[in-house]
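Every chain is named by a letter (A, B, C, D and E) in the order it is written, and numbering of its residues begins at 1.
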Amino acid sequence: MRRYAKKRSDRGLPPGTLVHVGEKKAERVRITIVDYDESHFLEKEAKTVEECFPFKDTPTVTWINIEGLHQVEIIEKIGDHFEIHPLLQEDILNTEQRPKAEDFENYIFIILKMIAYDEKKNEITSEQVSIVLGKNFVISFQERGGNVFDSVRERIKYGKGRIKKMGTDYLAYSLMDAIVDNYFAALETLGEKIEFLEEGLISSPTPRKLQSLHELKREMLSFRKLIWPLREAVSVLEREESPIIQETTRIYLRDIYENIIQAIDTVEIMRDMLSGMLDIYLSSISNRMNEIMKLLTIISTIFIPLTFIAGVYGMNFKFMPELEMQWGYFMILSLMAAIGFLMVFYFRRKGWL
Amino acid sequence: MRRYAKKRSDRGLPPGTLVHVGEKKAERVRITIVDYDESHFLEKEAKTVEECFPFKDTPTVTWINIEGLHQVEIIEKIGDHFEIHPLLQEDILNTEQRPKAEDFENYIFIILKMIAYDEKKNEITSEQVSIVLGKNFVISFQERGGNVFDSVRERIKYGKGRIKKMGTDYLAYSLMDAIVDNYFAALETLGEKIEFLEEGLISSPTPRKLQSLHELKREMLSFRKLIWPLREAVSVLEREESPIIQETTRIYLRDIYENIIQAIDTVEIMRDMLSGMLDIYLSSISNRMNEIMKLLTIISTIFIPLTFIAGVYGMNFKFMPELEMQWGYFMILSLMAAIGFLMVFYFRRKGWL
Amino acid sequence: MRRYAKKRSDRGLPPGTLVHVGEKKAERVRITIVDYDESHFLEKEAKTVEECFPFKDTPTVTWINIEGLHQVEIIEKIGDHFEIHPLLQEDILNTEQRPKAEDFENYIFIILKMIAYDEKKNEITSEQVSIVLGKNFVISFQERGGNVFDSVRERIKYGKGRIKKMGTDYLAYSLMDAIVDNYFAALETLGEKIEFLEEGLISSPTPRKLQSLHELKREMLSFRKLIWPLREAVSVLEREESPIIQETTRIYLRDIYENIIQAIDTVEIMRDMLSGMLDIYLSSISNRMNEIMKLLTIISTIFIPLTFIAGVYGMNFKFMPELEMQWGYFMILSLMAAIGFLMVFYFRRKGWL
Amino acid sequence: MRRYAKKRSDRGLPPGTLVHVGEKKAERVRITIVDYDESHFLEKEAKTVEECFPFKDTPTVTWINIEGLHQVEIIEKIGDHFEIHPLLQEDILNTEQRPKAEDFENYIFIILKMIAYDEKKNEITSEQVSIVLGKNFVISFQERGGNVFDSVRERIKYGKGRIKKMGTDYLAYSLMDAIVDNYFAALETLGEKIEFLEEGLISSPTPRKLQSLHELKREMLSFRKLIWPLREAVSVLEREESPIIQETTRIYLRDIYENIIQAIDTVEIMRDMLSGMLDIYLSSISNRMNEIMKLLTIISTIFIPLTFIAGVYGMNFKFMPELEMQWGYFMILSLMAAIGFLMVFYFRRKGWL
Amino acid sequence: MRRYAKKRSDRGLPPGTLVHVGEKKAERVRITIVDYDESHFLEKEAKTVEECFPFKDTPTVTWINIEGLHQVEIIEKIGDHFEIHPLLQEDILNTEQRPKAEDFENYIFIILKMIAYDEKKNEITSEQVSIVLGKNFVISFQERGGNVFDSVRERIKYGKGRIKKMGTDYLAYSLMDAIVDNYFAALETLGEKIEFLEEGLISSPTPRKLQSLHELKREMLSFRKLIWPLREAVSVLEREESPIIQETTRIYLRDIYENIIQAIDTVEIMRDMLSGMLDIYLSSISNRMNEIMKLLTIISTIFIPLTFIAGVYGMNFKFMPELEMQWGYFMILSLMAAIGFLMVFYFRRKGWL
């Protein structure tokens, strides 16, 4: 039951025990450090965890990005050095968490989901991203490497936009913004699938397509389950009275919030479309049935009376005057034709043909 | 997927980068300036953006109306001169925004949607209007030119009503009022389409009409998605403790609020009607099916026994006494007729004929 | 689209312009004045509006009742003399308002709907009543004359109950109470229609009745749309900290509130019944279909094999030993009868007959 | 429309006019007085109302129970002596009230519904009980006599439990508790009816049973309508800052509250079951239909081709070589049998037989 | 009606009377005592209740676990010694309680449900667990013995995790955590049943499976009814200003809260899946029906015209020229074959074959 039951890391274990829950998605854990302020920029890949430690207390903005969660001891070392609560370390490792944002004294802890459409598997995939936002550092944990944060890295490197002038809160915002932007790409793909299915349902409704419809419905549902708590989390961040988040950053958080609302609206509209498509499917099915039934009715109602007439003149009575008549056969044939035409005419008028 | 996925202006770009999102709906950008107070009136079309700048600090009420959003630099120049936050400039250009009202220190920023029924395309169209409401100026941004604000302009010109005696807040209210009034025209058109479809569904239910039904449902849905946040936005304006909105204007905002509620009520009733029409459609379909089935039953049940009798007397047994009788044939014919009439009578009594 | 689209009075006109929206329901405008306190009673019909003016500042309770809204200037004169805000005058004239109650400094403004069942048109009709409740006066505006307020007038005249001892707030309560009482009469009529339809649906389900069902559903819906905001309005009145409403009157407002809740409950139960009736209708339809299908099956399955046997002995083979037998014909007839009886017996046992 | 429209006592009458609304359920009004404190106990039946009056100001706990509401003057006398507001007297007499609890200065007024299952009429019946809870007295009004309060009376008489040591609030709680306990008996009966119906629906689905289903649904609905406001009423009592309710009694009110929640849960589950049963019914119906259709198909598809073959050899062509063959007849018979068996085999493999 | 009606312990009895409500699930009552602090550990099974009493006031953390509720006097003795309110004792014994958490001055009272999947009975079973959380003691009451708390006991014994260093609140948290962890196991089993059923519904839809579907729906519903109030209860605990719950424990309660939310999400998704499966079932049924109908149509429409032709040439007219022709028979046979093939070809093109 991979899809909906949570694999608790600590079933029977004491809470706070660190166990990686989820698939191992990255080959090896990769740690990159970006350190900058308005006048300075440093980027390097750390070979050992310990390389990150000196950046904890520097006044510059430090962004530590960890790709891959399967090496528990790395998370633990970082967590302990940066004083992240053991339960949060467990949350980082357990990739079945709901999006949330929580304010601790020295840092804000954020969990969100990267949602992408996997072209190969033809399904929505989600990956957990945890962000620890401190006064001077941002630590982001990804399940797997990817290029979603590249644009942020570049903006820092080349000093595009405001990012180099602003603090860690703006950096965290930029990371979240990059993730939320991706949602719309996934929604576009889903939208195309829905439109494609809709056409298919009308032209050739099959139970297989109905099943696809329900699969899409479920994907929309899981999308919704990921995005609703995110809305709440961002709303928490926006209102938070934390010294870490500066007043000037709030309007950006508000912007993300609105993007999420828009994604939610889109999801709701898609869900509604899918519901409507079920009606169309069922109506389409019953329409085909009708067409078949009508043909049966017409063929039957035309030929049954004619066959009866033929049956009558196939009777072997001694005395049947019509049989003796010279043109009896042709008269009866004409009668049959006349009845047939009359019926066809009647059905035409009724609009059945 | 034009319909529901947002085209973010800044996918990968730093936030606040100005890019026009949406179709280019106007040929060229047109800037008109109306400047007035109780005793004075000036109207002119600005050739360059810079012509607007001197009006920023005049004590008179200035209304700058910009039609067409595709020339990003114009928006940028105005935005920078009037100190509009870059993110809001981005919102003005991105025509996929939800309606909202936000209070900044020196101005209130309002987004709403003009909704019209496009007779040619036979569908609801929506156009984004952004309003920046300052102490001495109102700047309105339209996607395309149109005559929806003409009545407001005229009222100012000829001093009709209270408008010339009141401040920028009343002007902004008048613009919003003009837009909301238009909603009812769109609703009337939709109402007529619904009634037209309803009659069609009963007289000749086809899957094509079912699809129209679902299209109407979706249009109602998008209408609803545009109008619900507007209700919230106006409610925010009404309660806002901003010095820009005077006490005497609140009752007018309340009035708009009530109009919006009424539009929402209408939308909900229409949605309910559409749901009911689905039931009627399905029932209508199954009723037609019944009529066809009944005919089949009657024709079959009448002729099958008669055909059997004919079959019996078509058997070639050596010794079949009835065949030898003088009036056998006619007796059997009469028997058949009697059975037929009996059956017709039976069906009549059952109410099937 | 008379039913659901609002006819705004001021499409294009400046807000506060007085235009009567709605049908002209009364022949001429009739103004009656009732003036009383504990020891004094005066009732007269005013010929001109101006006759009402002196009562504005008398310490006695004055009730001015205006029947008919189509003479805009009358409303305007009264409104201006009693200092009613132009937007509220517009509300009084626009009969498409939602029920509401609003507290202004010198008066409370209340809109509610009189709901009655029109026996002739066989539908629910609603009429707007606006009440302006001041310290010393109550002005009520009705779309059309009627006897709904007669009981109140009589109670004042003959000093029944507490009404003569109490202030304008109690008078306004009495008017509202008279209106809400009427709702139950309308609900009783609707209830009878529902029960009548229910019986009809089971005994002879037709698409026409389904349509009646949906019409009833819509009437319940519009009823609901009128009564829900009223509940809110009365709740506002009950909690209002206005000096116009005395503490002793609150319990009466609470009483109206409870009546409204009860009406809402009744409406909800009726809506639920109507939903259930749709199921019964559909099931009833499919049951009739089943009965017809069963007959077809039985007739067909009995005669098709028999006809086959007859066909076999109608074959013209040279050598068919049965044909030569003396009792062949009767044996075959008996065989056919036996098969027929067996089948009837089988169907009986299956419970199909 | 006995079931859902309220019979207002005062349609046209001034509010506070006392009229009994509801059926006369008791033969004569019976008044019993129980007076007790920790050391003292008195029980008597009052012949006249006036006998109750002295107990108003005694420091002991007095419980006056009135069975039967049709003698309006009795209620009026008691109401006036105990200073109950005329509107509340009207509420006591009008048995169509919703459950509620209201705090007045000197007493708390409670309305609830006794719900019982009437074995004879085979339906849920409800009876209104009003309780006036004062500092030293509890007055309870029942529509009809009954033994539901006997256990409370006995506990007082024999000093069981805490009741004799506690005040009027505990007595009122005990009465309410006795009533709520009865709900579970009614729910058990309803539950049995539901289970009985469920079995019936699967074994022999008839429209009559569907109607029973909808009747049960409606009974659940009215149950719900009675129990929801009660929940709110008890919650009001629990939180009320009245000097009449002592701190120690709150936990008991909390207990009633939880029982009510449990009853609500049960009602919701039952409603859900009934909804599911509708699906099962419809599926059961369509399944029977399928069985019949399958038989028709099989009989028809087997015999129609065979009859055709028989028809072919019944043709009267001069030259038909098969007819001349010695074993032609038997060969054809064998062919027919073979075709028949093949078809039966085919249907078996398809899983239709 | 074992399933949904509450068996109140005190129907007619005074409240607070202790009666065990529920099945006797354990053979004998088993009392175990675990007493520990950071440096000390004691575990023993108590033979009499009185053995627990001395632990009430020791400063160490004491956990008294009682398995089996049928010996009322044991609960009473413990309850009285530890000063648990009689109504709560009743709650402990009545196993039909909803989950809740209530703060009393000296202890916090918690009720939750252990949910497990009973492999033998093939259904979800639930067992009530009550926890009394005092400053120095935790008393847990289980309906039946079980190993769900073994992991907690072991962690205390061997000093794993933080548990030995923390107070009674952390112990209570650990017990609750152990219970909530079990929910996911039950959900996994349910998930597997749902998937198994889903496959079955598509491959062979039977009314029996529909019933299983509804049984699963009901199980999900009861799961939901148990888990929703638990969410609220934990939320109460988390926010409670009680001195018993230390600040450091709150984050653990938050963790449980999130697990419960996740379980709720899972339940909701499963409910949604089950709803979708009903559609698939119905569509699957109607699809099979279609397949059968199509075959009937094809067989009938092919053979009915052919049979008619055979009937024509079986007529006994004196003068039928075709009968005399040498190759008449073969020509007609060919004609029949041609018509048959044409029809098959037509059906193919229509996509019916």
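One rule holds in what follows: contacts are C-beta pairs under 8 Å (C-beta built on N, C-alpha and C of every residue); 3 or more make two chains touch, one makes a residue touch a chain.
On a predicted model such as this, the values are computed, not experimentally measured, just so you know.
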For chain B and chain E, chains touching each: A
Touch-network distance, chain B to chain D, counted in steps: 2
Separation of chain B from chain C, taking each centre as the mean of its C-alpha atoms, in whole Å: 27
Euclidean distance of C-alpha centroids - chain C vs chain E, Å: 43
Contacts with 2+ other chains: residues of chain A: 286, 293, 296, 300, 304, 307, 311, 314-316, 320
Traversal of the chain ring from chain D via chain E: D, E, A, B, C
Complex contacts: residues of chain C adjacent to chain B: 1, 3-8, 10-17, 85, 87, 96-98, 100, 102, 204, 207, 210-211, 214, 217-218, 221-222, 225, 278, 281-282, 285-286, 288-289, 292-293, 295-296, 299-300, 303-304, 306-307, 310-311, 313-316, 320, 322-329, 332-333, 336
Touch list for chain C against partner chain D, complex: 151, 155, 160-163, 174, 177-178, 181, 184-185, 187-188, 191-192, 195, 202, 251-252, 254-255, 258-259, 261-263, 265-266, 269-270, 272-273, 276, 279-280, 283-284, 286-287, 290, 293-294, 296-297, 300-301, 304-305, 307-308, 311-312, 314-320, 352
